[in-house]
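Each structure below is given as structure tokens.
Both complexes below contain subunit A, partnered by subunit B and then by subunit C.
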Partner chain A sequence: MTDQAIAGRRLAERDNRLSDEMFITSLVAGAAVALFLLASILVPNFFQFQNVVNLVTNNWAVISLGVGVTFLLVSGNFDLSVGGIVALSGVLAVWFAQSTEGANALSSGWGMPTWLAMVCALIGAMLIGAINAVFVVALRVPSIIVTLGTMMLARGIAQVVTQGSQRNTNLPSDFGVLGNMTMFGTSIKLPVVLMAVLILVAVFVERKTVFGRLTYLIGANPVASRLSGVDNARHVIKLYLFSAAMAGAVGILLASEFKSGFSNRGMLMEFDALVISLLGGVAIAGGFGSVIGMFFGAIILATVTSAATGLVLSPDWQFTLKAIAVFIAIMAQTWALARRHA
Partner chain B sequence: MIVQTAFADNAQEKALSVRDLTKDYPGVRAVDTVSFDIDRNTVHCLVGENGAGKSTIVKMLTGALAPTSGSMAILGRDYAPSSTQDARESGIGTLFQELHVVDQLTVLENLTLGMEASRLGFLVKSDLEERVTKTLAAIEPTIDPSARVSSLSVAQKQIVEIARAASSGASIIIMDEPTAALSEREVERLFGVIRRLRDSDVTVIYISHKLDEIFELGDNVTVMRDGKHIATKPLADVNGRPELIEMMVGRAITHDYESRGEIADKPVLTVKGLSNYLLKDVSFHVNEGEIVGFYGLVGAGKTEVARAIYGADKADGQIDFLGRKRPSSPKEAIEAGIALVPEERRTQGLFTELTIRRNIPIMNIRKLASFGVFKDEREKEVAREYVGKLGIATNSIEKYAEKLSGGNQQKVVLSKCLFADADMLLLDEPTRGVDVGAKSEIYDLIRDLANNGRAICIFSSELEEVLGICDRVFLMYDGRVEAEIQNGAEVDIPQILNVVTGGGRENP
Partner chain C sequence: MTDLTQNPTSGDRVKRFLKDYYIYLVLILVVVVLSTANLDKFPLFERGNFLSERNIINILRISAPILTLAGAFTLLMISGYIDLSVGSAMSLSAVVYAMLVINGVPFLPAFVATVLLGVLLGAINGFLVIRLKITPVIATLITLSLYKGIALLLVEDGVSAIKSGGDLKMPGWFNDYGRDGVLFGLPWAFWVAILVTIAMIIAQDRMKLGKYAAATGGNPTAAKLSGINTARTVILLYVLVGVCAALAGIARSSFMSLGDPLSGDGMELTAILVVLLGGTAFSGGEGRVLKSFIGALIIMSLTVGMLTLVPAYFQTLVVGTALLLAAASNHLVSRRDSEN
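This part shows the complex of A and B:
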């Protein structure tokens, strides 16, 4: 055996060390569990299995948005347009599906079959993603500004289409199927299962594929990644289209669940999606973070708000609690990484 | 060299004196016990090759760096600036290569910026405006004080900045390569300004690679070499360019070039008429298995040639690499078989917050994947293979790149290029900030690669490096290839330096 081979084996033994991402993710997951246990001590009847399930099922929409937002953050880009897209795609799906001869403007639409209405609404959502991509990639406008603009654009279009209110009449009978279908003989609805599938696929893409690896490279050092032959522009375009498509799907599923298109739906969801990503250890400057971390970030936020609001404090405290959680999370991440690298 | 422990008696006549000034960086002494005086109301030139220590001295004078030891004095009084602000207040103004004027304001507003008189937070009128207007009129009467700065040319903006330094009471103004972006006529005007400054009780420290400017403008010159002070004397006593160049180079440059035998004339890369914002009609070819060097001073266009070939910058002209499609992006360059080691290792070449293992496959990442799915085990094998092959000193392939020494970082960047299976390597400053041991290992590796038929281009501002390993060398000045030399024992080093400082133009 050569020296090199021996050295190689010694190296292999050192490779088992946790990566920074795994370290932070474990930290976030641990914090989520600890918070849940703490809430169980403080709040009567909190410690129930059904409660754990509720934490996830009540937040499927934000967690689904968080996937696209996390990928973009890791690549060094913001997406604040997802909440607006939720409203837009839901309104569009309803409008396209409403029958043509309603009594007034708000009750008549395009008369498309449900499936076609939903596909067209999804395309509408992705057009917003395409606008994001054009401005960020081709015109190099900072993403936080672009997506702040498209956030308002998407919601603005939704408001025009619903005349500032909602559309919920003259819908085909099958329009409410997708959003209300329960699965496996339990009360869990289809959107929750889709969210779970999305998370699994996203984790696989992020950890195991070239696509995931490129996302990290672009966020870690865009100059070096371009000089190393990565097509940054093309990749970021894909990420914006993906994020918009996920937001579009969420909007359509919510519209189906409530059988209505409501222009205020998804209000502030873009910020919740950003908050859970940051809570989950995603670096705001890019290059670092994980979808699993984001998922546990959502659990932390849900635990804090649901345990506190209505049981200990009044719901008016919700925003303050979110703020405190975000500050603590970001300080903890900085501290943990600094110690590790010291 | 005169070494004094105390300042001379006539110290008040010296605008600036430095004694035994030393600056150490980890592992390097950038400035080594330097002592010299600058006479009041003169234009004092500072010359030396790249890395001679000029910029380090300037940084210490302007308070951006603290000396390791030694002292400075202005007009005989001790001077030890704690910050750049402190230096300005002590009367040292600086004209940087990047301009610091505010485009949206008028000339007058720029001149008074940061000096406005105020009472309780409100601006009040003062005689300041009158004073700065006078200063501006004295050095360049053609600039209208009420004009908006955005309407001025680069040269005029520069003059505004000089006027600002002068009117804020600077007795010494440092100018670092001020003519880099100027046309010939603008240079003449700037020289006029500098002469008028000198006549109005301002001392100018002038740094330039262009030796003709030094002879035209300077009163005295200080020559630096390898961090040491070589000489300070009146330019009138310097016997033309040859003597100045000899002082800059001094020691015979040792270059242990070993001929690698006859290299067949079998071009793989042919470049014709390459031109862009900096490059002017650059043409050359590189043969299979050949190591070609590009030598020139900072700003000569070496990096720009590399980036143009690599598709990272746009350029007109023809680039033919083995008849393959001309790359319009780095991605296409890698696909065509060209890999680049960029000039700035830490910001352009390396992903410092990733591990060695994650860095190495980046330029050819799809090779480690099937159907888009990454093969982790294969990646570890590759990382171990390159760590072993290039002798990267680390105890783990999971070590973060930022934790490695400069030499080992550069080996990681080289590994990236090697893993890309390139037929040609463009190496921009391949050994900058690399220790001597790692340097020679990198040179051995480069020779090995060339012996295996790869074409190599080295872009370097170190003459020893270029003469040490390159078979042919192109000399660059001001965006042009001015000369081509065949490396060997008989290369004429003073002539090389003459060409890269702009001396090749008049007597080709």
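This part shows the complex of A and C:
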């Protein structure tokens, strides 16, 4: 065989192998399953079907936030504002829906019908996303600093609207419907089903659409993507608006579930969303990662924390455990990729 | 900082002047506004204006932690790196210092031990970033979580902080360091902050460290090729930030007379805000320690002064807005001519 043929065959062999991304994703999925089995051995009553369901249903909010955060990370940008947006949109939805004649400032709102209040709250959330986009794209401020600022801005507005506490009176009776509706005659609630749909759509967009593939190109090599005629700025603007809209929806659903707008809701959710993306193999430098990986990252985090609670560790362990989990995940992924290419 | 234009126009000169002196103008503006505002109702100010001796002493005492941190944090950001774990390192140091003191360790050994802890915490950050090559943001997010977690674990379940209770009693001298006036009515913690800042200014202007930091942030490849050990520079800067975080933790815990595992929460945001306000470029390479120090004074005057004018729940909104404005103005002032 000629050298060329050998090289060609090597290329073909490489194509038949998994891509690095699928390799890492399956690694993460394997780790999630292994951790679950390990926890089942160590923790009594852990190995139950209901427990598996709980790992997902208890974390629908963070997983939904993780979708937008993952897309942005793949494009090479941070979004730490999602936790603040969760608080803001929830508070706004409640405030807009509260009837106008309350006994005091915290019990009277704008008197909008529920659907309109929720739509307006969603628009409010997307405004924060627009601020993110303006600062990152037009002013070229590093996204980590911008989104830390908008995280505080969003939560700050929520705190001012609720005067530092919460609004939960004088709500229309249908306000709690969306967040508490159960589906298919089971105890699974609507938000969990929406999360599942979101994941499926996100996987499709990520794998099979031009938009999804461009996100990877922009993250991997922004100069190349611009030179090949991609409007990077516009793409990143869309991603920030999408992420803010998802965070807004999560905030509204949570407000509906608890029938209250609480200014401290979603605290640290931005870090959890980032943590599960990292656990799921999304590279911070951009251009690498997947929504499925993020999903399994969430399962890993949920398994670790719920197993820790099962082992009667104090809740104070959660910060230390998260730190160790992220550290191990990053080192393991770097090591696995290095070995693979060696 | 070098201006390569040969014939500066008057517009350039105004821009240059603004760039060099705006931070002092802002400080003067803030002080003028706060001294003309009616602050009678607020107990911290007693009666009288913002510039009363008692009020100035109060603000400077509360500011000791951020004033201690600002200098080293500036140098780290000039080198193009960031440390999100400073708040947690500060909490952990506060808890450890309080634990040592409550268990009968005298002031000096406890102080030295806590500073050594700061060296360790900074070195861990440096190790993760330089040796294990983890992105600074992620590496210091990991240690943010880790240090905070350890601080929470050191405090017993059901107790919010290390403080007098049970068999253990905090000695009476514990808050002297953070509260007791030793010179001009200001406590040791403040004077240590001043000493640290002077040391950082010397490090920036007269020592290799400052030049190496600027070179590393300006163009890491060029710095490496010209023989600068960028790895050692960055690790050293992380250690410096760790030490300053430990000093800030000691100041905070002796001011509050307890070791609170949440006392440093949000400090990383304040530090970033202060450094950006001082005009340090995010991309690294540019910035002044002294300007960050002034930036810290501005932020502390604003936060304390604001409490008199608006309810406390406006604080997050104002700090967030300030961070965004500082980031935007920083961009406008220090925009490079050639943007790609």
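Please note the rule applied: the second predicted complex is superposed on the first by the 326 of 342 C-alpha atoms of A that agree within 3 Å, B and C clash if a C-alpha of one lies under 4 Å from a C-alpha of the other, contacts with A are read in each partner's own complex, and residues count from 1 in each chain.
Heads up, the rule we're going with is that a contact is a pair of C-beta atoms (placed from the backbone, for glycine too) under 8 Å apart; a residue touches a chain by one contact, two chains touch by 3 or more.
Since the model is a prediction, treat every value here as computed from it, not as a measurement.
Participant: Touching A:152 in the superposition: subunit B (first), subunit C (second), both, neither?
Facilitator: Second partner only.
Participant: Which partner does A:288 contact after superposing on A: first (subunit B), second (subunit C), both, neither?
Facilitator: So A:288 only meets subunit B here.
Participant: Which touches a greater number of subunit A residues, subunit B or subunit C?
Facilitator: More residues of subunit A are touched by C.
Participant: With the two structures laid over each other on chain A, which partner does A:227 touch: subunit B (first), subunit C (second), both, or neither?
Facilitator: first
Participant: With the two structures laid over each other on chain A, which partner does A:256 touch: subunit B (first), subunit C (second), both, or neither?
Facilitator: Neither partner.
Participant: Across the complex, what residues on subunit A touch subunit B?
Facilitator: 4, 7-8, 10-12, 14-15, 17, 19, 208-214, 216-217, 220-221, 223-231, 287-288, 341
Participant: Which positions of subunit C touch subunit A when the two form their complex?
Facilitator: Touch list, subunit C to subunit A: 82, 128, 132-135, 137-138, 141-146, 148-150, 152-153, 155, 157, 269, 272, 276, 282, 311-321, 323-324, 327-328, 330-331, 339.
Participant: Taking the touch rule as given, give the residues of subunit A at its contact with subunit C in the complex, in rising order.
Facilitator: The touching residues are 78, 131, 135, 139-142, 144-146, 148-157, 159-160, 162-164, 263, 271, 274, 278, 284-285, 314, 316-324, 326-327, 330-331, 334.
Participant: What residues on subunit B touch subunit A, complex-wise?
Facilitator: Subunit B reaches subunit A through residues 310, 312, 329-331, 333-335, 340, 342, 347-355, 357-358, 362-366, 369, 372-374, 376, 380, 384, 387-388, 395-398, 400, 416, 420.
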